[in-house]
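All remarks here apply to the structure that follows.
In order of appearance the chains are A, B, C and D, and numbering begins at 1 in each one.
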Amino acid sequence: MNSIVFLIVIPLIAAFLSLFLGKNDKILAYIVTLFNIIFSILILFSGKIPFNVAIGGWRAPYGINYAVTDLTIFFLVLVNVAALLALTSVREIMEYQFYSFYFVLLSSTNGIVLTGDLFNFFLFIELSTFAVAGLISYKRDRLSTGAALKYLILSSTASIFSLAAIGLIYKTLGTLNFADIANKVNNLNEASLSLILILYISSLLVELKIFPFNMWVVKAYEASKTSVNLFIHGMLGTAGIYGVLRILLMVFSKETGKLTLSGNLSSILMLFAFVTVIIGEIGALTEKNMKKILAFSSMAQLGIVLFGISLGSFDALKGVLYIVISNYLAKFVMFLTVNEFSKVSGSTNYLDMKGLGRRYPVLAISFTISALSLMGIPFFAGFWGKISIIGNAVFSGKLELIGAVLILIASVIEGVYYLRISHTFFSQGHEREGRISRVYCLLPMILALVILFIGINPDSFENIISILLDEIKSPEKYIKLILSLK
Amino acid sequence: MIEILRVFLFGFFAIFIGLFFMGIGRKIIARIQLRLGPPFYQAFLDVGKLFSRKSITHNFVMDLGMVMSLAGLVATMLFVPIAGHTAIKTSSNLIVIMYLMAIGYLGMAMAVAASGNPNATIGVSRALTMMLGYEVPFFTVMLGLIIINGTSSLELIANSQAGSILNWNMIKFPLGFIAAEIALQAMMGEKPFDAMIAPAEIASGPMVELSGKYLGLAFLTHAVSIFVETAIIVNLFMGGASNIFTFVLKQFEIYLITVIIEAVFPRFKIEQAVKFLWTVPMSIALLQLVLIVF
Amino acid sequence: MAQLFILSSISLLFIGLFGVLTRKNIVKILIALNIMETGINLLLVAFGYVENGIVPILTSNESIMNLTKMVDPVPQALVLTSIVIGLGTTAFSLALAIRYRYNHNSLSIRASEEEEGVNI
Amino acid sequence: MVEIFIIPLVTAFLLAIFIRNKKVVWPLFLISNLYILLKLWTLFGKWEIEKTIYTNYELFGAKLSFTLSNNPLGWYFAFFSAVITLVISVFSLGFNQKTKENVAPIWMLIIFSNLGIFFAADWITFFMMWELMGWTSFFAITNGRDKALNEAKYYLVLSLLGASSMLIGIILLGALTGSFEIFASAYGLVQVFYSEKALSIAAIMLLLFAFFIKSAIFPFYMWPSKVYAVGPEDYITFMSSVMIKYGIYPIAMFIVPVVGSLDLPKILNTANWIQYFVGYLGAISAVLGTILAIFQTDMKKLFAYSSVANMGYILLGFASMNIVGFEGALFHAVNHMVLKAAIFLTLAAVIFRTGESEMHKLGGLVYRMPITFLTFLLGIIAAAGIPPLNGFGSKWMIIQALMSQKMIIFAIAMIFASTGAFMYLFRALASIFLGQLPDRFKDIKEVPLTMLIPMIIMMIGMLLIGVVPGVVMKPLTTALRAVGYNVNIASWTSLEGALKNSTIDLTLVFLIFLGGFVISAIMYILGNKSETVPQEDNYTGGEYPEEWGVNADRFNYSYSFYQPFKEMFEPLLEKISIDEFFASIGRNFEYMSATVQGLFRRGEGAVLLFSIGVLLLILGGWII
C-alpha cells in the first residue's frame, strides 16, 4: 500500500497546479478532495488495516514511515470528509491563493494523521499553520490580515518550542519514530520526559485551542470566511485531536494507553482544560457575533476533550470520542447554518437573524439539534460523551470532581446562549429579500440527523469506538506493526 | 327524615341562641356605658324588621354569597357537639370545623365585594388579614390539645375533661385558655379587633351596601358564628356539658367575657392587631404548646 | 564546547522570546522570531555535536571504524529542514506584514487591537 | 405500553409539519391526548408490563439499558395528568384561534417526556426524559416571543442546573449501588447507607436539589412567578398543574421510601434530620409562597406563588413520613393538578377576552363571564381547602399526619399558609370578577363553547373529588398497595386520618353543608323581595353623573389590597431576596463575559499568554 502517499502528494501537486488553472480551481478542489475521500474509504474497506509504509524503503526507526491503523483511518476519513463538507460552503469564485492554501492544508492534515515520525509530524503541523494563516488572510481586510499575522507569530513561537522538544527527544532517546519512542520511553527519567512533554504539548495546545494558548482563535474565526472556519474546525482541529491522542496516549505513555504525566503536570493540564471550558462558555455568553460564539464554543468543546483525555481512563476516552464526533458534526451544522443565515440577513449578528427559523425551519431545527448535542442533552450524540466523562471524573479525585462540576455549569451557560439563539431564530422577524436554496438546507439536515441517530442509538457508534479504544489500549500492537523486522 | 328534622332543629336553635346572646350583649354594653340599652330581645326585632323590608341587590353573586355565608356557618354549627349531641353523627373533627367556618366568611366576603363598594372591599381585606392574625394562635392552642389527647375530634376532647372542674382544660392549661380567649375576641370581631367593621372609618365595612334581608342574613350569620365560636371554646376548655342548658350557660360565660372586653377597649389598627395577635397570644400559646409537648 | 553551544543557543532563544514579547513593531517581532529559530537550530546541532568529531560520511570501509567519532548527521538534516520551514514562514509573515502596513497604516501590532467591525 | 410513547412522537412530528394549519394541529393534538388517556386507562392494574431497550453502551463496566415499566405510582401520576392534559387540549382548541404562535409540537414532546418521567424504571431513562422536558419547556415558554425570553432563560438555567446536579447524583447512586434501576438503587442505597454515609447523603441531596428546582421548593421558588407571567396561557395551565409535579413524583418514588427505611437518629424524639430538612424547606415554601402571593398584582404571578405554597404542603406531607401524610401528599398532588388547571383555565379565558393579566385593571367580569366566574369560584374554594371541594381532603390528611407526628412547627406553618391562602384567593376573586366592570370591558362576551366545556368539566371534577374522594383515593391506594405499602384500599366517601377517631366522611360533610344551605335558603326566601339595582346607583347616591357631564367613577379597591399587611413584611422581604441573589450571579457572569471577550479581542497578548502557559507547566509540572 505504498500508494498511501498519494493522499499527501496529490494535494501538494494540486497546490501547484491551482496556480495556473484559474477558475477551474474549484473543480480541481472537488476532484482532489473526492479522490482523498474515496481513497481513504477504499483503504478502510480494503481489509489490510493495519499496515505500515516505509517511505523510500528505509525501515521504520531509520526512515520516515506512514502507518495506517484503525485510529488513523477514522481520523483520516473525518478530515477528508470535513474538507469536502467545508468546500460545499464555498459559493463564490475564489482566487488561486485560496485553493492553493487549501490543498496545502489538505495535504498537511492528511500527513499529520498518517505520519509515524515525530519530526515529520512537526513539519506537517508547520505546514498546516502556514496554510491556515494564508486562508485566514485571504479576505485581505484589516481584520483578517491582523488575525493571520498574529496566528502566524503565535504558532511560529509554539513550533520553536516543539522543535526544542524534538531535539531533546533525539538527544535522549536517539530516535524520532513514534513506535520507537513508545518502545523506549520507559528508559527516560521522569524529569526529561516531563520537560519534553511540556515543550511539545504547548505547541499542540495552540492547535487545540486550550487556554492560555488560544488567543488566536476568536480573532481568526471572526476574520475569516465560513469555509475557512470549517477548514480550521474540521480539518486542523480534528487532526490536532488525533495528534494529542496519538502522542500523549500512545507515544509518550509509560503505562498502556494512558496519559502518564507526573502528578502535577496532568493536574495542570486538567486545570487548563476546565479553565478553557469555563472561559469559552463565559466568553460566548453575551457575545452577539455568531462566528465568535462558535469560536468560543469550539474552544470549550476542545477543553472538554482535553479534560476527558487527562482523566486517564478508557471510559472517559470513549466519552471524548463521542464529544469529538458530536462537536465535529454540530459545528458543521452551525457554521453552515450561520453561513446561510448571514447571507440572507447581511450580518453575523444573531439578533439580525430574527425570524429566519420560521422561514427555514430545517436549518434552524438542525442548529438547535446541534446546540443540544453540544450541551450534552440526552437523545443527542453529545450526551453519551458527557455522561461518560462526568461519570468518570466524579470518582477520580477532588480536582476532577471540581472539573466535572465546572463543566456541568459551563454546559448550563452553553445552554443559555445557544438556546437563546435558537429562540431568536424562531421568533417573529421581518421580511427579507434573500432566499436560501433548499439544496443548502439538505446538508445541515443530514448532519443533524446523524447527530440525532447517534444520540438515539449509541450502538451505531459504540462499535466503531470500541475498535478505536482497542487500539489505544494496546500500543504494543502499534509498536510491533512498525518495528516488526520482516 | 329524623336527621333532616334534627338539622333544622339544631340550625334554628343556634340562630335563636346567637340572637339572644347578641341582644343581651348589647344590653350589657349599654349598662357598662351607663346607658339603658335596648331590650334583650332587640336582636329578634331587628331581624324581623330587616327580613320584612324590601332590599337592594346588585347581582346574583350577592344573593349567592349571603346565602352561602349563612349556610357555611350553619353547617359548621351542625358539626359542633352541643352538650354531647350533634345534629348528625360525625367525628366532629376540629379541622373540618375550622375550614367549614371559612366558607361562611368567604361567602360573606364575596357578596359584599360584589356590591362594588370600595369600603366593603377594604373591610373584607381587613377581615381576612385579621383572620390570618387570630387563626394562627388559635390553632396553636388547639394543636396542643389535639396532641395531648391524640385526637382531633372535638367531642373526644370535650369528653376527656369529664368529671370535676379540675379536669377542665381551662384549669389544666390556663395559658392556652388565655391565648384562645384573646383569639376568640378577634374571631368574633369585637373590640379591640374590630378594624374590619370600624363604622367611623369605612362605614361598617362589609355591611355598607347591605340592606333588608341581606343585612338580616348577615345578622344571622353573626349570631350563628357567636354560637359556634363560644361552643368550640366551651368544648375545648370547659369540658362541654351534660345538658343543653348548662352548655348554653357556659357559652354565655364565654360571651360575657368577650362583651365586657369589647365594652372597655378602643380599636387597634389592623396591622397593630395582627402584630399583637402574633406576639402576645401567639407566644402564650407557643409556651403552652411547648409545655404540653415536652 | 558542547555546553557553550547549548548555553548560547538557549540565550539566543530567550533573547528572541524577549523580543517577541516586548517589541511592538511587527518586523522586529519577526526578527526576534528568527533569532529564536536560530537558537533552536543551534541547539539541535549542538545535540549532535561530538568533540573533535569527523564528517559522517562513509567514504571507505575503514571509516566504519570511526563511527563513534562521527558527528550525528540526523540533527543536521533536521536543522536543514527547519531552516527551510523558517524561511518560508518568515517570507510569508513579511508578506502579511506588508499587507498589514497597507491596511493599518502602521506596523504596530497594537494597531488592530480595537477593531470590532462585523462583516461577512 | 410502547404505543403511548410512539404516538406522542409521531404526533409531534405531524404537528410540526402542519404547524401553520391551526385547523389540523389542535384537533390532532386533542385526538392524540385522548388516545393516550384511553390507553392509560387500559393499563390500570397491569403492573407487570415492561419494555427494555438494550444498548452496547458501557458505563462503569455495565451495559446500559433503558426500561419503561408500568409502575403503579407512575401510572397514578400519568393517568391524572393525562386527564388534565386532555381537558386542557379541548380548551386549547378554542383558545388558540387567535394566537399567532403555535406551541403544539413542542408541547407534544413534553407530553412524551411527561409519560417517560412517570414510567421510567431506571435513572438513565428518567434523566433523559427529564432533560428533554427541560429544554422543550424553554421553547414552549418563549413560544417565539421576545418578551418571554428572560423569564424562560431563568427557567432554563435552573432546569439545566437541576439536571446537572441530578446527573451527578445518578452517577453517585449508580456507583454506590451498582444499579441504575430505580427500585434496585433505592434498595441498594439503604444497604450501603451506613458504610458510605457521606456519599449516600450527597446522592440524596443532589437528587433532591433537582427535584426541588422542578417543583419550585424554597430557594428556587421564583421561576413559576416569572414563567407563568409570560408563557402561553394554555401551556402554562399544563405547566402549573402537571409539570410542577415532576419533582414530587420522584420524591414519592425514591426519596421517601429510602429515608423511611433508614434508621437515622431522631431529633427531639420526633423525626430525623432529613425529614426536618425536607419539612423546613416545605414549610418555608408554603409560608413564603403564601406571603408573596398575597402581594402580587398580576394574577398569573399570584397563582404561581400559590403553586409554590401548595408544593410546600405536599413536601410537608412527605416530611411527616406517615402513611396518612404520604397518601395526603399524593392526593394533594392530584387535587392541586385539578384545581390549578381549573383556575388557570379561567385565567386563560379572562386573558383571552380582555388581554389583561394585571388584576387591578380588571374587575366586575362576573357580569360578562358568569361560567368562568363560577369555575374560578369553585377553583379558589378548592384551593383554599374548604370543604366540600377537593382541596380540603388532602390538606386535612397532611395536617392530621403532621399533628400525629407532633411536628408542631410544620403544622402551624401549614395553617398559616392555608389561612393566608384565603387572603390571596379572595383578592384574586374580588379584583378580577367582583367589583365594578370597567367601561372598556362592557362589550366582552363569555368565552366560546370549546373553552367553556373544559371549565365545566373541571368544575364537576373538583366537586366530584371533593365529595367522593374515592375517585382518586381508590386508584392511589391500589397503586400504593401494588408498590408494596401496607395500606387499606380507601372507601369511596371517607378519608382516614392519622389520629384517634378521625375518619371523616366527605359526602356527609357535603350533605351537611347542603343542609345548612337549605336552612339559609329558607331564611332568604322568607325575606321580602329584593330589587336588582345597578352598582352605580348606590354608589353615586342615586344621582346620574352623566347628567352633570361626567362618568361614574368606577373605583375598585384592588391595587394595594393588603397594604397594611405588606408593610409588616416589607423589611423582611427586602432583606432576603433570593431573586436578587440569582440575578446578581447572572450579572456577574455577564461582566465576566465582557472581560473574556476583551481578552480575546486583543491579539497581541497571545505570545505572552503562551509563555505564561509554558511557564506554568514548567513551574508546576516540572520543577515542583
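Heads up, the rule we're going with is that a contact is a pair of C-beta atoms (placed from the backbone, for glycine too) under 8 Å apart; a residue touches a chain by one contact, two chains touch by 3 or more.
Protein identities per chain, from UniProt: A = NADH dehydrogenase, putative; B = NADH-ubiquinone oxidoreductase chain H; C = Putative Na(+) H(+) antiporter subunit C; D = NADH dehydrogenase (Quinone).
Quantities reported herein were computed from a predicted structural model and do not represent experimental measurements.
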Weigh A-D against B-D on C-beta contact pairs and write down the one with more.
B-D
If you average the Cα atoms of chain A (NADH dehydrogenase, putative) and of chain D (NADH dehydrogenase (Quinone)) to get two centres, how far apart are those centres in Å?
44
Taking each chain's centre as the mean of its CA atoms, chain A (NADH dehydrogenase, putative) sits from chain B at a distance in Å of 78
What is the distance in Å between the mean C-alpha positions of chain B and chain D (NADH dehydrogenase (Quinone))?
35
For chain C and chain D (NADH dehydrogenase (Quinone)), let me know how many angstrom lie between their CA-based centres, rounded off.
67
Among the residues of chain C, which ones contact at least 2 other chains?
17, 20, 109, 112
The positions of chain D (NADH dehydrogenase (Quinone)) in contact with two or more other chains are 601-604, 607
Two or more other chains touching the same residue: where does that happen in chain B?
none
Taking touching chains as linked, do they make an open path (line), a single closed cycle (ring), a hub with spokes (star), an all-linked set (complete), or other?
other
Using the contact rule from the top, write out all pairs of chains that touch.
A-C, A-D, B-D, C-D
Within their complex, state which residues of chain B touch chain D (NADH dehydrogenase (Quinone)).
4, 7-8, 11-12, 50-61, 63, 66-79, 87-88, 90-91, 93, 95-96, 99-100, 102-103, 105-106, 109-110, 113-118, 121-122, 124-126, 128-129, 131-132, 135-136, 139-140, 143, 146-147, 149-153, 156, 209, 212-214, 216-217, 220, 269-271, 274-275, 289, 293-294
Which chain C residues qualify as touching chain D (NADH dehydrogenase (Quinone)) in the complex?
17, 20-21, 24, 109-110, 112-113, 116
Would you mind writing out the residues of chain D (NADH dehydrogenase (Quinone)) in touch with chain C in their complex?
601-604, 607-608, 611
Which stretch or stretches of chain C touch chain A (NADH dehydrogenase, putative) in the complex?
13, 16-17, 20, 26, 29-30, 33, 36-37, 40, 43-44, 47-48, 74-75, 78, 81-82, 85, 88-89, 92-93, 96-97, 99-100, 103-104, 109, 111-112, 115, 117-120
Counting only contacts in the complex, chain A (NADH dehydrogenase, putative) reaches chain D (NADH dehydrogenase (Quinone)) at residues 146-147, 150, 153-154, 157-158, 161, 191, 194-195, 198-199, 201-202, 205-206, 211-213, 215-219, 261-262, 264-265, 267-269, 272, 279, 282-287, 292, 296, 315, 318, 358, 361, 372, 375, 377-379, 383-384, 386-388, 390-391, 394-395, 404-405, 408-409, 411-413, 415-416, 419-420, 422-423, 426-428, 457-459, 462-463, 466
